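Shared between the two complexes below is subunit A, which pairs with subunit B and subunit C, respectively.
Here is the complex of A and B:
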């Protein structure tokens, strides 16, 4: 059953690339969209069948593959991966919808997009370390090609940078996994939280270090983040949506699944330092975002800041905080997806993303009023305004982490305040004021008239905005999948944080 | 039926929200044929519905114990977030006030905004604004209150930024959002901490928790400061007061609400939080200090403003400063009396200001004059509003001052002096304004100045009557202090301060005060006040400067250090490859030599151990 989530997009990719007749771009677009819709429906059906009271792995599929290596095709889904799977299918569909049907070489493009969804779904489902690694590496190739072929002016540089960074990340992760399996003495790579029990603390720490850096590159965390702004700036809009919405989640998912859960003793040791790392990442990303003048770069740096919250929550590892990681991953996926879509619309209509040039896009008759309004919703959601999913996710993260690491949590909240600063700068510069899309000059120029955005181009952004508001008003739809699973993980082994004593015997370290 | 009105009382905020949603087809341009008017009517009807509903609910609740309606909105592990509303006499009275003022302001807007092309968007925002405000007041859970305060921040941003094509509006909207956001983030820190300490965020549970709370003094102080930071931003108190005066760039009907009920909402949250803030005596003293600084400072700054809206917005800050003092001294009754009387009178004042601005197309006090005989209704409104604000018998403002002065008389003579000073300065400023606007010769902009049309005149008159009956209502509700307890010395002093203010305002030479003085010391003082003690510059050279430098530094670090390192690694490997290329000669002798040397070295290395 779970295999279908991998096989549907894979089959779609094969059909599109190998079908022996010449299709028009429009047809390919339609077929891809159907495939994505099918996998979204299938994901929805699995969610429907998913027993939320059951903390264990569900729908387990296990096929021996290469026994000698300990590689088994073992799939399963639990509360951590269920929401991420849905986000993967949803954003995959949106990315396809937002792609132009008249794109160059549509066959290759759309089959690569489908391949990404295949790989990501596989990675979220895999419960074998090697299998996860295979899918993790598999996702890299299509993304490299998508940036390198359909990217902007500096696509070669950005794509190669992405490739090298992610390959290094893959190598570190592979090393970590091999170490876990061999030192743990399991003889198999099947995922098992007891795998590391027999290891010494030193061994665990070394492995955790490798795994953290490996996934930290993917998340990305400071100082391994510089590939992300470049990749985003050069990638086309749908690829950016996928990259920010889905692929970064592989990193945080990996940190929770293979760091926190697999190597709990070392995690305990590292946790305070991880919290500090999270703070540095959040503040650094947010501050760097303020100084950006490219809209896409600004959103990219904001991703660095917001993904830092996930590390903070994972470091705290209270049940609430772990739930917060899932909620923050989903909320960031939706919000950054929305923001990238809107920046894409602005770029498509004005030909620039430069904040020093754009002005007054909210103009009702000649500008982009609806895109502007959606942008305001998006930035407010990102800044953590209540009523939208960003707020409740951040609230849970902060509330869950505060009991363990009060000071780092408060500092991360400063980052949440900084989000308002840079996104307000974005809205104020680009959308308020008098409409212009060229640098101010003394010449008398005719009024700018931007082409209208068709309603069909608003659909993906509208859908995401509605989802953001709906999940913000009714977070139950978001956390119900993960609640039982994450609470069940709070076994004594991973309980890093004791709830704060309320009495003054041990005062807070302010 | 009465039961129904009460049990559905939590729905009162929904009216405004529904109205706001209903305007969407007009504001996004789906419906164009009808013009924007129907959206406005829809909102007026919804707001009137909220008004009627809250009156019925108030009738039912009158004299009864408060009713609480509660939902567990979010329940995971050890965190439960409640969405709960409390329907009490006090809450619903304020909601009636909010809905009523919102209705009048919207009616006023029908005239004031008549020529605006985005009427639908404006009314939608007003509906949203009203919904958030009545929600804040009805809420009985800190979590919900915080959420709705953020909604207020958001809608303030959008309303201030309503005319977003003007440069001043853009900075005003930005400052409004960011200064409030500073307060909100601090408040959120307090909320998170409280939620971790106390478990529940419902006010009643918090009050129970406070009795047993055992925090170290430093934690309690930090918590207290975080909790008062939010209201400090909302009520435009020092040092987060900058936004209110800039926000006057927004449309006037929104300013009516902002200066009357929005600040009231912020203060109301503080009233609800006060039993928690009590944990820290330092935070309470801080409230008094903030209040005093703002009350005195803003009163002086108001004197030096020549923008008609800005001068009165500073007086709003000053009155809210008095409220802060009262709350810091733990006299919520005084605070509420000042809040309510101030809200009504200030709304009326801003309506008359709106009428003046619309008629003369000017909000510069130096360009006005001689409007008295031309706009009698507006003049009456201004006069009554001014009387309602200051501590002169017998309208509402007097009783607020009276209570304050009475309560502080014995132990806090300094605070009594602050109250009297604020009263004097406010009276002085209102008299100054009256002379500049209504007396004197007509200027070019005020020569043809007809009285405003009925959509604006009707709400003005309605509010005028309301202001006049405020003392009578207070008397009926036993909110006035009984005569025998009134401290006659205090009362006389209060009246004297008011009369003195009016007298000084009436006789002081205005033309000289307005022109920048040629004497340097006086000019420096004038500029200091006119530019609000250079608070904006203070911001620019502290917070803004720090954030800007840090962001530039981190961006630079990113580009040249992190990326530079990465690129140099890449470059090094490329150069390595390029240079190794030249060792490939194509001659087998060279290769064999290399192999031999390598093997020799290897052999040497392996032999080394045996020696």
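Here is the complex of A and C:
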């Protein structure tokens, strides 16, 4: 059943790339969209069947693959991965919808996009360390090609930098996984939270260090973040949506799944430092975002800041905080997906993302009023305005982390305030004032005339904006998948802080 | 010791336009496209102006000294249908006419403005106010306390009436122009200018008068004996107040008035129709949007089709209307300047030529910062 989530996009990619007949770009676009819709529907079906009262792994599939290596094709889904799977299918569909049907070499492009969805779904589902690693690495190649072929002017540089960083990340993670399996004395790489029980604290700490840096590159956390702004700036809009919305989540998911849960003793030791690392990452990302003049770079740095919250919550490791990690991952996926889509529209229509040039895009007749309005919704959500999913996710993160690390939590809240600073700068510069899309000059020039944005191009951003508001007003739709799972993880080993006075059989109430 | 600058012998930077005006051409280039836009927009402007004029005169005559004129835009016909249409906002925005009226009242100029400060006017006014307040003790007391208040209201009524009379004539000129264009009897921009100029000249001496009827008695507020005429007492102040000076409204101009970014000297204002930025039009709360919204209802088919073919189609139609409107206003300005030339344009007398040149140069000085250069960019 779960395999279908991997096989549907994989089959789609194979059909698109190998089908012997000549297809027009539009046909390929349509087929890819259908494949993504099918995979979203299938994900929805699994969510429908998912028992939210059951904290354990569900729909487990296990096939021996290479026994000698300890590699088993073992899949399962729990409260941590269920929402992320849905986000993967949703943003995958949106990325395809937002791609141009007239793109160059459509067969390769769309099959690579599907391959990314295959790999990410596989990584979220894998419950074998080696299997996770294979999927984790599999996603790297299509993304590299998507940036290197369809990217902007400095695409070669950005793609190579991405490749080098992520390859290093992969090597560290592989090293960590090998260590966990060998030092833990297990015969296989199957995921088991008791794997590290027999290890000494030093062994656990070394392995956790490797795993943290490995996933920290992917998240990315300061100071391993430098590949991300470059990759975003050069990537096309749909690729940015995938990168920010889905691929970064692999890093945070890995930190929670393979750091916090797998190496709890070392995590316990590291937690205060991780909280400080989170603060540094949040504040650095936010302050760097304030200094940006490229809209896309600003959104990229904001991602660095917002992913820091996930580390903070994971460090605190209270049940509420762990629930917060899932919510923040989903919330950031939706919000950054929306922001990148909108920046893409602005760039497509004005030919620039330079905040020193753009002005007045909210102009009702000649500007991009709907895009601008959606952008205001997006930045409000990102800044944590109540009524939208960004608020509820950040609230849960801060509420869950405060009991464990009050000072770092307060400092992260400052980062949340800084989000309002840089995004208000963005909105104020680019969307208010007199419409302008080129530097002011003394030359006599005709009045600014931007091409219209077709309704078709508003659809993905509108869908995301609706979802952001809906989940903000009804957060239960988001945390119902995860709360039982995260509460069940509350074991003495990972309860760094005083747990909240909650009965684990009682769902969380706000 | 002071240096004495040598006299400026450089030609005026806008000398080309001065020559155009002297040769009976327009400030706007003569192209087929410009002609179509100008005539088309003036046609819808004519229709709108007529509606404005009717309402302005109605307010002046029938809403005299009503301090809460709730139904002033209804021209005396209050029905549920009209109310619903009003609230639905699918209506003529008479607020724009009032904006123009107030701009004229504020900037003043011309004989009308001067007459409103004479003792004769004040006496006539007092009689009308007394008649109006008969039996209304509260208002009589208010009038005693603030004798300038109702007087200023009457001055405003006089401007309601004056602008209404001016626009009645202008509307007729523009609608005839459109008819002549439809009959192919107007085929070039200079002919448009000539038509408007002839209309202005023909109406130049038309008397501007205003009287109100209160309880069966008629009270002259602008009597014929005051000698107010169409051209010098309404048209010229109108051009000055609306085309040139205007008022800076947030939404079209960004300014910090406390930092004196708006000149304290209102004669140096340059926010009128010839200077206005068309791009912000369509935003709420700014007068140009009201006018363009009104004209949008009456665009001739050929112009509506032309707008629809543009890059944004109907989406930015109000901005496109503003651009065409600005072009047409440069034609009207051309006509007005030619009509006001101190001497015949083709005079052979060197002294008269110099006077003409100086007259036009002084106006061109003011047009330096206008949108003249932009409307002269080749369209399409």
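As a convention for this text, the second predicted complex is superposed on the first by the 498 of 510 C-alpha atoms of A that agree within 3 Å, B and C clash if a C-alpha of one lies under 4 Å from a C-alpha of the other, contacts with A are read in each partner's own complex, and residues count from 1 in each chain.
Heads up, the rule we're going with is that contacts are C-beta pairs under 8 Å (C-beta built on N, C-alpha and C of every residue); 3 or more make two chains touch, one makes a residue touch a chain.
All figures in this text were calculated on a predicted structure; none of them were measured in a lab.
In the superposition on chain A, A:366 makes contact with subunit C only, while subunit B stays out of contact range. Judged by the touch definition given at the top, the superposed model places A:420 against subunit B, while subunit C stays out of reach. Among subunit B and subunit C, the chain that touches a larger number of residues in subunit A is B.
In the superposed model, A:434 makes contact with both subunit B and subunit C. When the shared chain is aligned, no partner comes close enough to touch A:107: not subunit B, not subunit C.
Of the two partner chains placed by the overlay, only subunit C lies in contact with A:451; subunit B stays clear of it. Once the two complexes are overlaid on the shared chain, A:320 sits against subunit B while remaining clear of subunit C.
By the touch criterion defined above, A:409 reaches subunit B but does not reach subunit C. When the two complexes are laid over each other on chain A, subunit A has residues 360, 363-364, 433-435 in contact with both subunit B and subunit C. Considering their complex, residues 28-29, 74, 76-79, 81, 117-118, 146-148, 150-151, 153-154, 158, 161, 164-165, 167, 169-171, 173-174, 177-178, 181-182, 185, 188-189, 192-193, 195-197, 213-216, 218-219, 222, 547-548, 550-555, 558, 562-563, 566, 570 of subunit B touch subunit A. Contact residues of subunit C toward subunit A in the complex are 254, 277-284, 310-313, 315-319, 323, 373-374, 377.
By the touch criterion stated above, subunit A contacts subunit C in their complex at residues 360, 363-366, 433-435, 444-452.
The touching residues of subunit A, counted against subunit B in their complex, run 161, 164, 223, 225-226, 284, 287-292, 318-320, 323, 360, 362-364, 369-370, 373, 376, 380, 383, 385-387, 391-392, 395-396, 398-400, 402-403, 406, 409-410, 413-414, 416-418, 420-421, 424-425, 428, 431-435, 475-476, 479, 483, 487, 499-500, 502-504, 507-508, 510.
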